[in-house]
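Reading through the structure tokens given below for one structure.
Each chain gets a letter, A, B, C and D, in the order it is written, and its residues are counted from 1.
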Amino acid sequence: MRQTRMPFDMSTMNFASDNWAGASDRVAAALVGAAGGHAPAYGNDPLSEGVTEALSRIFERRVAVFFVGTGTAANALSLAHVARPGGVVFCHRHAHIANDEAGAPEFLSGGSRLHSIEGTGARVTADGLAEAIALYPPHAVFHGQPAAVSISQLTEAGTAYSAAEIAALADVAHEAGLPLHMDGARFANALVGLGARPADITWRAGVDMLSFGGTKNGCFAAEAVIFFDPEKARGFEFQRKRAGHLFSKSRFVSAQFSAYLEDDHWLDLARHANATARRLADGIEQSPGAHLALQPDGNEVFAILPRAVDARLKAAGAVYYEWHAGNLAGEAVAPDELLVRLVTSFRTTDVEVDRFVGLLTQ
Amino acid sequence: MRQTRMPFDMSTMNFASDNWAGASDRVAAALVGAAGGHAPAYGNDPLSEGVTEALSRIFERRVAVFFVGTGTAANALSLAHVARPGGVVFCHRHAHIANDEAGAPEFLSGGSRLHSIEGTGARVTADGLAEAIALYPPHAVFHGQPAAVSISQLTEAGTAYSAAEIAALADVAHEAGLPLHMDGARFANALVGLGARPADITWRAGVDMLSFGGTKNGCFAAEAVIFFDPEKARGFEFQRKRAGHLFSKSRFVSAQFSAYLEDDHWLDLARHANATARRLADGIEQSPGAHLALQPDGNEVFAILPRAVDARLKAAGAVYYEWHAGNLAGEAVAPDELLVRLVTSFRTTDVEVDRFVGLLTQ
Amino acid sequence: MRQTRMPFDMSTMNFASDNWAGASDRVAAALVGAAGGHAPAYGNDPLSEGVTEALSRIFERRVAVFFVGTGTAANALSLAHVARPGGVVFCHRHAHIANDEAGAPEFLSGGSRLHSIEGTGARVTADGLAEAIALYPPHAVFHGQPAAVSISQLTEAGTAYSAAEIAALADVAHEAGLPLHMDGARFANALVGLGARPADITWRAGVDMLSFGGTKNGCFAAEAVIFFDPEKARGFEFQRKRAGHLFSKSRFVSAQFSAYLEDDHWLDLARHANATARRLADGIEQSPGAHLALQPDGNEVFAILPRAVDARLKAAGAVYYEWHAGNLAGEAVAPDELLVRLVTSFRTTDVEVDRFVGLLTQ
Amino acid sequence: MRQTRMPFDMSTMNFASDNWAGASDRVAAALVGAAGGHAPAYGNDPLSEGVTEALSRIFERRVAVFFVGTGTAANALSLAHVARPGGVVFCHRHAHIANDEAGAPEFLSGGSRLHSIEGTGARVTADGLAEAIALYPPHAVFHGQPAAVSISQLTEAGTAYSAAEIAALADVAHEAGLPLHMDGARFANALVGLGARPADITWRAGVDMLSFGGTKNGCFAAEAVIFFDPEKARGFEFQRKRAGHLFSKSRFVSAQFSAYLEDDHWLDLARHANATARRLADGIEQSPGAHLALQPDGNEVFAILPRAVDARLKAAGAVYYEWHAGNLAGEAVAPDELLVRLVTSFRTTDVEVDRFVGLLTQ
């Protein structure tokens, strides 16, 4: 999704993005704790292996885990791993991979193309996916060769796919011989929002590869590509290395993930972010002028504000991005209104939410 | 250079690599300090701008700085930035880009090829470079189009180029219309080893782009591509983003670099590493059986050990890599000897050096 | 545009595509004439130089000409030549480059993406283009970097851009710093259809690069990339060679082009194709049940046929492709109708057109 | 191999290259014969299918055949088809793919690298290959991942591999899990030179993919990639299309190949070229001053000429390229001598050979 430029403001009521928050105390402390001594480079250290074990427990099966530095790298390298000549990746028209990664999926996969699919709430439907795939009959060399399906959980509209919706998409994808990738930059928020088990909204529903994001939920820079069938990960380490995404001091990622996953810390962080988003959404719903464009499933609230309210909030120091109206296929935006995105994080306080809501109703 | 596989060992006398050390206390503390609050994502924060200012002071001119996560990314993206169709990059046969980056320079630059040049001590000479370039006459479309020259400082043999040597190479490169890139994964060690000013061994000598490494010298993961002419950096931000190397919480790199550069901390760290390397080299030179393959200019010591001594050191827990004999064109290696690489770091202690040296002479 | 599979039929009334026709007698004879003797390879022969001269005369300025083997190569290499990291190429949603080249533009340009623009008759409008470009503000690294605009002449709907329309598009493109590429696979048909001078619908209107197609209009395999500013062609020869598109016996292309361009042979061929298309279109317009979806500007007729008529034509041996209804934003297609594409060529006879038209009215 | 620039000269005694000759009468006539009528585009025509059948008969098994326009495309697309991330292709240091294709193999395979192997007569030995592969242990992600082995038949030194030599190389390649590709730009000359059956020096000896060249031996532009196991060709059609190498009027290639393969025409053409090469070689051997650098196995003669003789030949209008001394590891070249390459073709006459030889002895 496209964002208008905004002046940077360090004040509170900062709902610009969850990637504006720093790191949780436990994550930061873990990094310091990992600073000492020597450890083998390139992920061959015990800490890194421990993260794979933790994720295998969380996902209830042995998974293959590859750390990378950014969500864009996780997405693009996943798709590059399953790329085919003339490859076509099916995704929603508002998917992050299609709009916000500067062509990384295309570049790192050697020239794949993204086939955009419409769908309300930034969700692809099984029917929409089947229709899109049908445009590429197996022998029609001209149009290109289907290669993968990618969905986002949370979506770019802050909504979540249910396990059943994912399973329906996976069926269509697998029927066509395509792996299903999930961009989980906000996977924890979706998980907590759905109240689901990690396995149920991933491999049990047919997800083959997951970009498992920690950065937006309390880490500095901790992303991983997870393969639910480790056999299918063969060669991925070369993919990662030749894209420059193998960290030598890999422990700086594993330390973050260790603290992140320990004692359900990641879920606590996401629960906090989601709860403040809910509080914010409730306040908006109950306000006289503002209203929700969509019901949030996680930590992103899309709201429609009267322009006067927007001006008042900005003047008071609130920070958030205007969003392109119409992108969400939600409520209509009147000429004297604005569609805005408000993102909460592990760091968001009830105090700043309440202050924001108070300003709505002045 | 090629390394044989080794069992991992966490004991002291760890000379495996400077990327086995964690992070310096100041760097680790800075990360914790940067964990709080909100900051604009993607490098638009004051901390990131401060690093550019610090580097501009250090290099005595306004530079353009781009953080990336790994040295491989820094090198490959630099070269991708100046790539040409059928592009040829000239480098030493033992260059890191040619041997240890899994084809990242080729991949990220869209299929460039590396033309390897011989040279003692892993150094390219101006004559060697001129000869190599001459193999690609301007209109010989078949052979490919020269695109760049890349040298390493320190080299893969632990040697440093003098300012005069660099200037001679830059003259040859520029004469042919080629930018000069420097892989500075161990730039601080070279700088301290030469006792030079940063500007004198970079842009004043004709270097156009520098991979400025912090990781091997006390950071967790802090690398930067520096353009000495910011005009020539145009478009690099797209290059970086589409390779997945733009960190959202960019402050996690800028915090490291801030602490790293402040109060000459980076130079202190490198001085320490170099001093322990010198102490180690002296010990080896004075030992009865072992000897140096090359005089070290930084923190890498290439030594030739009798196999019996090697066995004794290993048994005592020393960790280091065997190196391919002959790679360095230094002293000859006898059948009952081994060429090994010993790397010191900011973390190396005199105690472990002395223990290692003591074992040589038993 | 997407085509349904059809049984191959070698009968007359063949309107499948102009690339089903062989070569004109003059072109075939020229090839035989060029078979003897020795000539320098790789385009350094007098015959190849003669083609550049002929094209320079035709376009009323000195042009740079590069032969390639296919229209896809011409388009993709043109766009690769002006590619940028994260590059975005603007084109119509039905453009050949977007639908029928299996991702060649993306692949050969190192991962560019195509931004599709809607527009009736497969034509991009200046407003539509300006709106699309505005989605990529210069510093928004996430969305990608605009790199080029590509239009087709004839379009995929068989329509032509007027000189004024092209100039308006070029203004928008150049304002944004983007070169304008024209896919001229059916350039001769457009030229003749418009009754224009070659210069007026290319460089004088702002076109920077032209894929100049000969294959569909009477050659076996003769395509060229033309740069109207030869300075801007610098390095293209490496682009072509590294994609495997430099023919050693280049004369086999130059011989075709020589005969093709001599004595206005190419215009005669196109005039013939267009005239038979017009005759076909007139017949359809005057028929009781069939009607035109769009008025043709060249040699492609999009018609809407009652399904009963379609069956009758097929039974009589007519060959043509069904087209996706709605693609053309022309006349509506009823459930008992089909949208079809009928392509004429230099080889089409009035006899077969009349036979086809006769079958419409039975 | 590298060539010095030479003035173009259209005189007889033209030994510049077999790609300076035009096309054989039968090939040219076949093209004219195929110019009429309509045929399905993109290789779905009976003529194209006939070529696959002819090649299947010739190779004594069902093969998959893909036409492309150039030898560079055939080689690069073959290697791209088996590319892996960080992929390494093993070939001789003088291989055409390594020196004369402007990086096409690297580019089209998404950044593979070529590992050059030394060997006399431009031949790789099984031991040399095994040694090179051993430099890439399976888990050493840094060095890259072996992907393929490529040999040339004829080699760049005009020598041929025997069936036994090929089988030994194939054993080493397959042991390492690598497919064996053969660059057969001069396959017919090698075949005739060895007096072998096509199957015996290809798939029976372990060759997996063959670049089957017709261009240098009497065609205008006819090259094919042959897969000896059609199952392994899956997806290649997308590879070819996205590189722009699928011809629409595919019959222009199939017509050439039809005539080329019919009645052993291709073998007759090669026999003629080889015989004139042998005549030339014999003349050189018996001359007082000139001598052979290597015994030719096909239609390329590498000779060492006194400079005075060279001047005399040039003055008389002979055309040939000087070759880099030392490339062939054959006879030494004295300071007053030149190493030159003399290539014969289907078009070379005994008269011009004898005139050339006569000039040697004046």
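Convention: a contact is a pair of C-beta atoms (placed from the backbone, for glycine too) under 8 Å apart; a residue touches a chain by one contact, two chains touch by 3 or more.
Model, not experiment: these values are computed from the prediction.
Enquirer: Along the shortest chain of touching chains, how many steps lie between subunit A and subunit C?
Expert: 1
Enquirer: Greatest Cα-centroid separation from subunit B: which chain?
Expert: Using the mean of the C-alpha atoms as each chain's centre, the farthest one from subunit B is C.
Enquirer: For the chain pairs C-D and B-C, which is connected through the larger number of C-beta pairs in contact?
Expert: So, comparing the two chain pairs, more contacts are at C-D.
Enquirer: Taking the mean of the C-alpha atoms as each chain's centre, how many Å separate subunit B from subunit C?
Expert: Here subunit B and subunit C have centroids separated by 51 Å.
Enquirer: Cα centroid separation between subunit B and subunit D, in whole Å?
Expert: For subunit B versus subunit D, the centre distance works out to 41 Å.
Enquirer: Whole-Å distance, subunit C centre to subunit D centre, using C-alpha means?
Expert: 34
Enquirer: Give me the residues of subunit C that touch two or more other chains.
Expert: Subunit C, residues with two or more chain partners: 85-86, 101-104, 107-108, 110-111, 141-142, 144-145, 238, 241-242, 246.
Enquirer: Once you draw an edge for every pair of touching chains, what topology comes out, line, ring, star, complete or other?
Expert: Its topology is that of a complete graph.
Enquirer: Using the touch definition from the top, list the residues of subunit C that touch subunit D in their complex.
Expert: Listed in rising order, the residues are 8, 10, 14, 16-17, 19-25, 27-29, 31-32, 34-41, 44-45, 68-74, 76-77, 101-104, 107-108, 215-216, 220-221, 238, 241-249, 251-252, 319, 347.
Enquirer: Can you list the subunit A residues touching subunit D in their complex?
Expert: The contact residues of subunit A facing subunit D are 42, 80, 84-86, 110-111, 141-142, 144-145, 235, 237-239, 241-242, 246.
Enquirer: Within the complex, which stretch of subunit D touches subunit B?
Expert: So the residues of subunit D in touch with subunit B come to 2-3, 5, 85-88, 99-104, 106-114, 135, 137, 139-145.
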